[in-house]
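Heads up, the next two complexes both have subunit A, just with different partners, subunit B and then subunit C.
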Partner chain A sequence: MLMEKIAELFIILILVSVVLNVSSPFIKFAIKLYSFQSLMLALYILIGAVHFNSINLYGSFVITVIFKVILIPYFLFKTLKRVKMDKEIDMYIGIPEAVVFAGSLTLLSNLIAQKIVTAGITFGAFVFTISLATFLIGAMLMITRKTLFSQIIGFLTIDNAIFLAANSITHGMPLLVELGVLFDLFVSILILSILILNLKRSAAA
Partner chain B sequence: MYELVLILPAVALIFSVFTDVLLMSYLQLIISTFVFLTVVAISLSFHAITVFFGGLFFVDYINLVILITVSILELFVAFYSFGYVRTEIKHGLSKRKFKFYYFWKNLFIFSMMASIMSNNLGIYWTGLEATTLATALLVSFNRTKESFEATWKYVIMCSVGIAIGLFAIVILYFTTSQVYGESMKSLSFINIIQAGSELDKNFLMLAFILALVGFGTKVGFAPMHNWLPDAHSQGPSPVSALLSGVLLNTALLGILRFYQINASAGIYYPRYFLIGFGFLTILVSALSIIKQKDYKRLFAFSSMENMGLIALGFGVGGIAVVGSLFQILFHALNKGALFLSSGNVLAVTHERKIDKIRSLSKHFPVTGLMLLFGVMGISGMPPFAMFLGEIYIMFGVFKTNIWFGFLVFLLLIFIFAGLFSKILKMYIGVKDGENGQQNENKADSGTRKGKQNKGEKEIHPFMLYVPLILLLISSILLFYMPSPFLHIVKSASAEFGGKIIF
Partner chain C sequence: MTKILPASFEVHINDMTYNYNIQHIGIGIFQFVIIILLSPFFAGFIHKLKQRARGQKGISIFQFYINFNKLLKKEIVLSKDATFVSNIAPYIVLVSYLVVLLMLPAFYRYSLLGISSDVILVAYTFALSTFFMTLYAMDQGSAFGGLGASREWFLTVLSEPSLIFVFISLAIYTKNGRITGIFYFIQKEVSNTFLSGAHSNAISIAIPFLLFVSLFIVSISENARIPIDNPETHLELTMFHEANILEASGKHLGIFEYGSYVKLTVFLTLMSLILFPYMAVNIYQVPSALAVYFLKMMILCVFIAGVEIFNPKMRIFRVPNILSVAFILSLIAMILSIRGF
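Presenting the complex of A and B:
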């Protein structure tokens, strides 16, 4: 019971970090928040692993920490330093409106989750709601902001949401598949970083 | 024998890291030929689903059709690249740049093969995402601002799209894990099909819709298509041919797998989604083709139209499925010929705009004629095999609803008119400067003419004749279909419920 409460705390922190991301115009802070959010995801997976005593989930915890908490934010910070982008982000809609939108998306995903989710899922409809809300807010981040970095952050948020769903409605995908998915994600971040550098260079020239 | 299809591209990948470009182009020819021969041997001896590499990969009739398509187009692209590399190096591109060309191309082929033959949906996903990443740096090969922007759009849109596809796989995994428990078996396609009737129908339907939207982004279905024309037109022409000809089909395979799983559970209404998306794609591409100004974008939209037609065929079912399966191969051959021959024009003139290219009949006699014939083929005119695919699909569509068939037919005429008006202008049109003001600025037009007059002589002969042979094969296939291939297509269509008596 206590474990379930702690797990719920971690999940709520994921949603909080996403909403904070919506409300902040700083790219550096957004990357830090992503790292924090991934750490919360990893800890959630760890609690699942202890609870079910599943080797698969322990492995999933380790690779999530390595790829999502350490490697991807590290490379994003490195790219940010190279680009020397100013920290303010251009947006299509203002921050207050975006936060209100994020709130209504959370409500909407609660409605959807109650329709879809039936009994028998690990932590009930709660996790699914949060994961759906994270997914939608991540998509909103992508379309409301103009900077290339926020598109990456939005994409990573969407990916975290899918991982949360995978680890909540099942005990995680098979380790081989999860490793492949994370590796692909990592390489795509590398390629997007290279593209950002080149786009910046060709815009300056 | 089946393992070779995966091992050979991996070997080529390793070689491409260490060897020189010119040497690598010879090696590539050998390896691509061997891949092709292996696939031919497989398709000649194939009679039932075969599993290899410990159940992670398999070959059945449906992915065999796509496998044949990939291996044929890859063989021709390898020959074309042989000439392409030499021509571009002669024009002053550095050799170092082409080292990456072969590396990424082989990685692309390898991940595409892995994705096509995967029995495990997780591996399918990984392979498909890897194709996006491998082709990303090929699309931005020219290192211009436009190409970087196109690549950015391509990677971001396809990654997000495929992430939605991953959501579909997660939901499917949840559904199947209630039958098989949480193991690799719950992701294995063969096992999922066997347990079809025991699965939760609501979740299967949800998974199909997510997969359709997610993988559909990579196929280029209409509302999610806007990365496609940019990415396909910016890459080097051999890569464009591979992207348009086979990568779209690889993504479509994912949707078809989810479709099959739904069908095995007794859910048949996903086909209406396929019909809807297919029709919308044809509509959007028909409207876009008419106002295109860039000839490679024109062909990219035409690929979109053909993917829409293929999806429509699978949705309609019956005889149209046979047409769609034919269309997968024929479209690859024809679109390959078009992109490769447009690559010849691009390699000499370095010009993408339709308005800037005129009188191809004079300066590019062979290539110009091939473009003309290729457009004839792509719009489904008889001496080329796509006629066969399109007539089957249209027959199926007309059989379901005559007015709907009429509408699709009208759109096809639109596309035909759009393509021909552009290409004919390029082929026999005359430049404004060349006709009237010839006397006034003779020197200017003289130098320009001199530059264009070199035309085809600058190009490596392989680049000239590979598209020609592709078109020739396409033409021969209309009159003589090899019976093993016919058997494969018939068996594959039977898996979609298309029963046809030839």
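Presenting the complex of A and C:
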């Protein structure tokens, strides 16, 4: 009972970190927030693992911590240091408007979640609301920001949202599938950082 | 001994019945007086913590009592353009905070005005005080007054929606319209869940957490604390709150300052009640409840001082960013509380 409540707190913190991400133009802060958000996701998975006593979920917890909390933010920081960019300068819409838009996306996802739960699909309404809202806000980050870094952060946020929804319905995917997904993500981040560096070099030349 | 007062009398409003007897009224008055007396102490404690963190020796914790005493003795100087508004505005500002304080069940459940502590009323009593403070600023006819008033309303307009949403989501979450009822409900459910291990579905950790964060941001902006405003400076570019009371002197200044301490205490009390409601229901629990209340307030003071120490003052055009986050957090809390648990 208490476990569920604490799990709810972790899920809420994922959404809060995304909203904070929308509200701040600083890229370093955004990467730190992504790391925090992945940590919350990992703790949520850990609670599930303790509750269902499933070895798959324990494995998923360890992999999430290694890849999402440590490795991906580390490479992003490394790239950021070489690019020497610290702030998102221009966006398509201003920050307060974007934050209010994020709130309306949360409202929308709540409506959708209620319809889906009444349709009888076995989703937790709470988790589904949060993961859908996180998904939509991540997509909004990708659309409204102009620099590649913020778009990468948006992409990673969408990935976290899908991961959250998947873990809430399946009691853990097979470990091989999860490893494959995370490795794909990791490689894509590596490729994107090389792209950023090349773009920087060609712009400088 | 003949009875001057009846031993108890009942007040009926709508569906609620409040049974007022001598004990409730007595402890209610005690609660009110002790919080008023403590409020400059909390402000002084935050100030002291900030100064020690900067490496200064700092003023005494009790300095604000001495300042208030000194200001009461000084004469009031009013501008020649001032109307009667300037004479009544400081008192209305102070009284509106005191009315909110009368409603709050800080450590005793039956606060004196608990029967009429509607959540909307609490939110708009704050707005009334802001209204009269800005009237006072503009009534004196100085240029800084208008500047300060416009900035104060800029902040209030941004932070008021989140304050209202915080209260409304508390009301929806506990299915109770009054402040006393709300916090008593939370206390009962929490003790049911954690002490006796009953299977309670009515309590959630996520909603109070969101409300606490939202209320924390709002209280920093409403109380003119550092990331948003710095009340210690008198530089015209940075004044928010201070520009309103720049013309005030003597007794009026003292009352405004005391009002700001009471306002800070009211916000801290609301936060402490959301985080950990512990209210006495009879006279034997009052000492322990008072001790817990004092401890909670000290912890929150350290929190506020920490935020003030580790943050620089924000540019004014970045303030809407952080206040919109507070708004959205309270909105999310409201969505979750409508859905129910």
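Note that the second predicted complex is superposed on the first by the 196 of 205 C-alpha atoms of A that agree within 3 Å, B and C clash if a C-alpha of one lies under 4 Å from a C-alpha of the other, contacts with A are read in each partner's own complex, and residues count from 1 in each chain.
Keep this in mind: contacts are C-beta pairs under 8 Å (C-beta built on N, C-alpha and C of every residue); 3 or more make two chains touch, one makes a residue touch a chain.
Keep in mind the model is a prediction, meaning the values are calculated, not measured.
Visitor: So, on subunit A, is it clash or fit between subunit B and subunit C?
Guide: fit
Visitor: Looking at A:Val50, would you say it contacts subunit B, subunit C, both, or neither? Reply first, second, both or neither.
Guide: It touches nothing on subunit B or subunit C.
Visitor: Once the shared chain is lined up, is A:Ala102 touching subunit B (first), subunit C (second), both, or neither of them?
Guide: second
Visitor: Pick one for A:Phe126: touches subunit B only (first), subunit C only (second), both, or neither.
Guide: Second partner only, subunit C.
Visitor: Check whether subunit B or subunit C contacts more residues of subunit A in the superposed model.
Guide: Touched residues of subunit A are more numerous for B.
Visitor: Scan A:Ser188 for contacts with subunit B and subunit C and give back first, second, both or neither.
Guide: A:Ser188 contacts subunit B only, not subunit C.
Visitor: First (subunit B), second (subunit C), both or neither: which does A:Ile6 touch?
Guide: Only subunit C; A:Ile6 stays clear of subunit B.
Visitor: Once you lay one complex on the other using chain A, what is the shortest C-alpha distance from subunit B to subunit C, in Å?
Guide: 23
Visitor: Can you pull the subunit A residues that subunit B and subunit C both touch?
Guide: Overlap of subunit B and subunit C footprints on subunit A: empty.
Visitor: List the residues on subunit A that touch subunit B in their complex, please.
Guide: Against subunit B, the touching part of subunit A is residues 56, 116, 135, 139, 142, 148, 151-152, 155, 158-159, 162, 165-166, 169-174, 176-177, 180-181, 183-184, 187-188, 191-192, 194-195, 198-199, 202-203.
Visitor: Of all residues in subunit C, which touch subunit A in the complex?
Guide: 193-194, 199-200, 203-206, 209-210, 213, 320-322, 324-325, 327-329, 331-332, 335-336, 339
Visitor: Please output the residues of subunit B touching subunit A within their complex, sorted ascending.
Guide: Residues 120, 122-123, 125-126, 129-130, 132-133, 136-137, 140, 143-145, 148-149, 151-152, 155-156, 159-160, 163, 166-167, 170-171, 173-174, 177, 182-184, 187, 202, 206 of subunit B touch subunit A in their complex.
Visitor: In their shared complex, at which residues does subunit A touch subunit C?
Guide: Going through subunit A, the ones touching subunit C are 1-2, 5-6, 8-9, 11-12, 15-16, 19-20, 23-24, 95-96, 99-100, 102-103, 106-107, 110, 114, 125-126, 129.
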